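Okay, got some structures for you below.
Shared between the two complexes below is chain A, which has chain B as its partner in the first and chain C in the second.
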Partner chain A sequence: MHISEGILPVGWAGAWLLVALPFLAWGIRQIKRRGQTEPRYRAFVALVGAAVFIISCMPIPVPTAGTCSHPCGTGLAAILIGPGPTVVVASIALLLQALFMAHGGLTTLGGNIVSMGVVGALVGFGAFRLLRGAGASVAVAAFAAGALSDWATYATTSAELALALHGGGSLWSLLGAIMMAFVPTQLPLGIFEGILSVGACRFVSSRRPELVERLLARSSG
Partner chain B sequence: MTQTFELFSDLFALRNNALSRRDPRAKLLACVAATVAAGLSTRVHLPLAVMAVAMGGMLLVRVPVRLIVARLLPPLGIVALLGLLRTFLIGSTPLGQVALGSWTLTATQEGFHEGVLLLARVLGAVSALILLSLTTPAHRVFAALRWLRVPQVWVETAMLMYRYVFLLLDQTADIFAAQRARLGYAGAARSLRSMGTLGGAVLQRAFDQADRAHEAMMARGYRGEIPFGTLGPTPAGDMLLLGAVLALLAVGLALGEGWLA
Partner chain C sequence: MKLSALIAVTLLALATWPVPGAETGKWPGVDETVVEKFAREAVREPREPFINTDQGDLLLPVFLIAGAAGGFVGGYYFHALFPPREKKSAPSGAGRS
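Up next is the complex of A and B:
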């Protein structure tokens, strides 16, 4: 659920862009620094970004809503390349989707980066690291990363919408209404995204175990 | 996947027409100005005028109506929901009532007005964005962003990502078709398993491709930075056009908001 062009008032759109900028600078610095010691790193980040972009375009049926939605992919990306670079690839994916698919927008880029890139990546990465540190298996940690990052993204988006649009009405009643409206879609979707993250991690670790070890070492660095 | 390719591709932007020949910086700035003006407007007139001009531009360069509608539809779902929520949650002047079982929801005039304004803003801003994307190829947008001092690492990664999306889309579509042919999407449990496998397969292809892509880049002289084609000075005609668009937006906004009264 990207916030579409025109939905956020200009003041809020600018404010969210200001919030997103330091995280973008952090991610860009990480990519730059690692790119200097590992020449293949930039192509790798771009390809993981492209893969995540495609995964986020996969339609997933949501039986409770009788419709289709799509995963965010940022939880999985954060496991693979770390939260900083994930903010960067999420911002690029959001710009490309805004420009060429009319999903999201230019003025709402900041709000969407904060919800999907920053919150989604940090929550996904945090859940994965915390659970791995507590001795959970890669599958359990990947599921939690996928599901929690998805739910955190949608909760943040709902909060951004309610903050900007409550006008003279109650902030909490609008926030509650928006969240309730998306629960039938997002609750199962988060679970699907968790399962997708497990499937993706399992597939890669069964075919290329050395790659998963390398990635886990990388993302913890 | 094919639909994604059609929607995402900049094939239409690569055609030679009156709008695709305009300077990308001028078009990008005009588009941002139009979306900001639509967002600042508290009346529906300016956003709808932006939409009308953008639609006129798209029809002028013969963009198929099917493609315009396909790109315009996705944002309307969330707008409809937010418009409804505002109609029932904001304001105090009753407009009408809707009975939902034992509940009675009261729509308000203020909320309805806010909902309609939101719809107009989204239609205007999204139309301007669609016009930009259908008349400006991706590499020209990236060059304009670089000219606007967006960090080189970000623009480079964006260019690589845009290129790789099409490479991986092809491969993803092949795997998806093979999975479907083997009844991989028959039933919910199998669908989920297949979806996970598809995600993993796309990632594995991406990892393999990353190594090959790096070797190909090195063979072409890549030494850590992709050289950008420089954009020359903006042609005077395009500067005039940009000036006219900005002036019209400013006048439209001032008139609509009553700043000149």
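Up next is the complex of A and C:
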């Protein structure tokens, strides 16, 4: 999902960074505010941030496709710490990966933050809250959040690439081609990410329910 | 529980499904097979990273350090947030007849 250095033209790179910045500011404000009222929240954000960093640079072989790819962890993070703070931890992870691990790039950082941080977090969080509101169990909602956030991240990356690279050709046919190229790898990985989210949610809600009680509650409060 | 079992079986089936040629593949990442492939087709060659650690085996220690650092931070806060459960001590009168 990491768009490499130099792939996006300057205009698109700048535009995606401008899209990402307000979400980043929103996330930083949320961390500050919740950190003042909930004493363990910042430690929880640090733990989830470390998990997102490791998960999003961990290549997993997918035998069905003969390729490797990585989960994102942002759907799970959004359930646990909220979507705004997830944008912040995803941005830090992506920045470190771009600087030192030859994954992504500084010029494409905005695009990668939007796909993995913003869209991944919002889709995961939205799916979780929607399903919980409809009466689904934590396991079902967490599975959907993990899988859908992964697929939404890669769909957004496809859209960013198609918008920047279609030139004089058809935007929709290029978008379809890129999305179809991701499917063999990301379909099973999305399912894996769903299972990962179920396990993590169950663990946290059984061991420290007070950390996530607001998010795991069935009501929208 | 049934759902988890169904998902686990589906994932296992997907992961072990034999794909012609997969055994001989070199397990490239999707960044290479999809992102960079479409970029090259559109004549947008990826540029070398500003700090290029993708040289020879240099990425291996970089990933090792990143994994260790991330694991340390994660483990530290995990231990702070989820301390080991205290074992229930035996009642004071246990063993007396």
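Here is the rule we go by: the second predicted complex is superposed on the first by the 196 of 221 C-alpha atoms of A that agree within 3 Å, B and C clash if a C-alpha of one lies under 4 Å from a C-alpha of the other, contacts with A are read in each partner's own complex, and residues count from 1 in each chain.
Criterion: a contact is a pair of C-beta atoms (placed from the backbone, for glycine too) under 8 Å apart; a residue touches a chain by one contact, two chains touch by 3 or more.
As the structure is a prediction and not an experimental result, all values here were calculated from the model.
Considered on the superposed chain A, chain B and chain C are sterically incompatible, since they clash. Judged by the touch definition given at the top, the superposed model places A:P188 against chain C, while chain B stays out of reach. Contact with chain B, but none with chain C, is seen for A:A200 once the two complexes are overlaid on the shared chain. Within the superposed three-chain model, A:F143 lies in touch with chain C and out of touch with chain B [touch as defined at top]. Contacts of A:G133 after superposition on the shared chain: neither chain B nor chain C is touched.
Of the two partner chains placed by the overlay, only chain B lies in contact with A:S173; chain C stays clear of it.
Once the two complexes are laid over each other on the shared chain, residue contacts for A:F53 go to chain B and to chain C alike.
In the superposition on chain A, A:A102 contacts both chain B and chain C. By the touch criterion defined above, A:A164 reaches chain C but does not reach chain B. In the superposed model, A:I31 makes contact with chain B only, not with chain C. Of 42-50, 96-104 or 114-122, the segment of chain B running into chain C after the two structures are fitted on chain A is 114-122. Comparing the two interfaces of chain A, the one with chain B and the one with chain C have residues 1, 3-9, 40, 43-44, 46-47, 49-51, 53-54, 57, 61, 96, 98-103, 105-107, 161, 165-167, 174, 177-178, 181, 192, 195, 198, 207-208, 211 in common. Residues 1-9, 40, 43-44, 46-47, 49-51, 53-54, 57, 59, 61-70, 96, 98-103, 105-107, 139-140, 143, 157, 161, 164-167, 174, 177-178, 181-182, 185-188, 191-192, 194-195, 198, 207-208, 211 of chain A are the ones touching chain C in the complex.
Those residues of chain A lying in contact with chain B across their complex are 1, 3-10, 13, 24, 28, 31-32, 35-36, 39-40, 42-51, 53-55, 57-58, 60-61, 76, 80, 88-89, 91-93, 95-96, 98-103, 105-107, 161, 165-170, 173-174, 177-178, 181, 192, 195-204, 207-208, 211.
Chain C meets chain A in the complex at residues 3-4, 7-8, 10-11, 14-17, 19, 21-22, 25, 27-31, 33-39, 41-42, 44-54, 59, 62-63, 66-67, 70-71, 73-74, 77-78, 80-82. Within the complex, the chain B residues that touch chain A are 1, 4, 7-10, 31-32, 35-36, 38-40, 47, 71-72, 74-75, 78-79, 81-82, 85-86, 89-91, 110-111, 114, 118, 121-126, 129-130, 132-133, 138, 141, 151, 153-154, 156-158, 160-162, 164-165, 167-169, 172, 191-193, 195-207, 209-211, 213-214, 217-218, 224.
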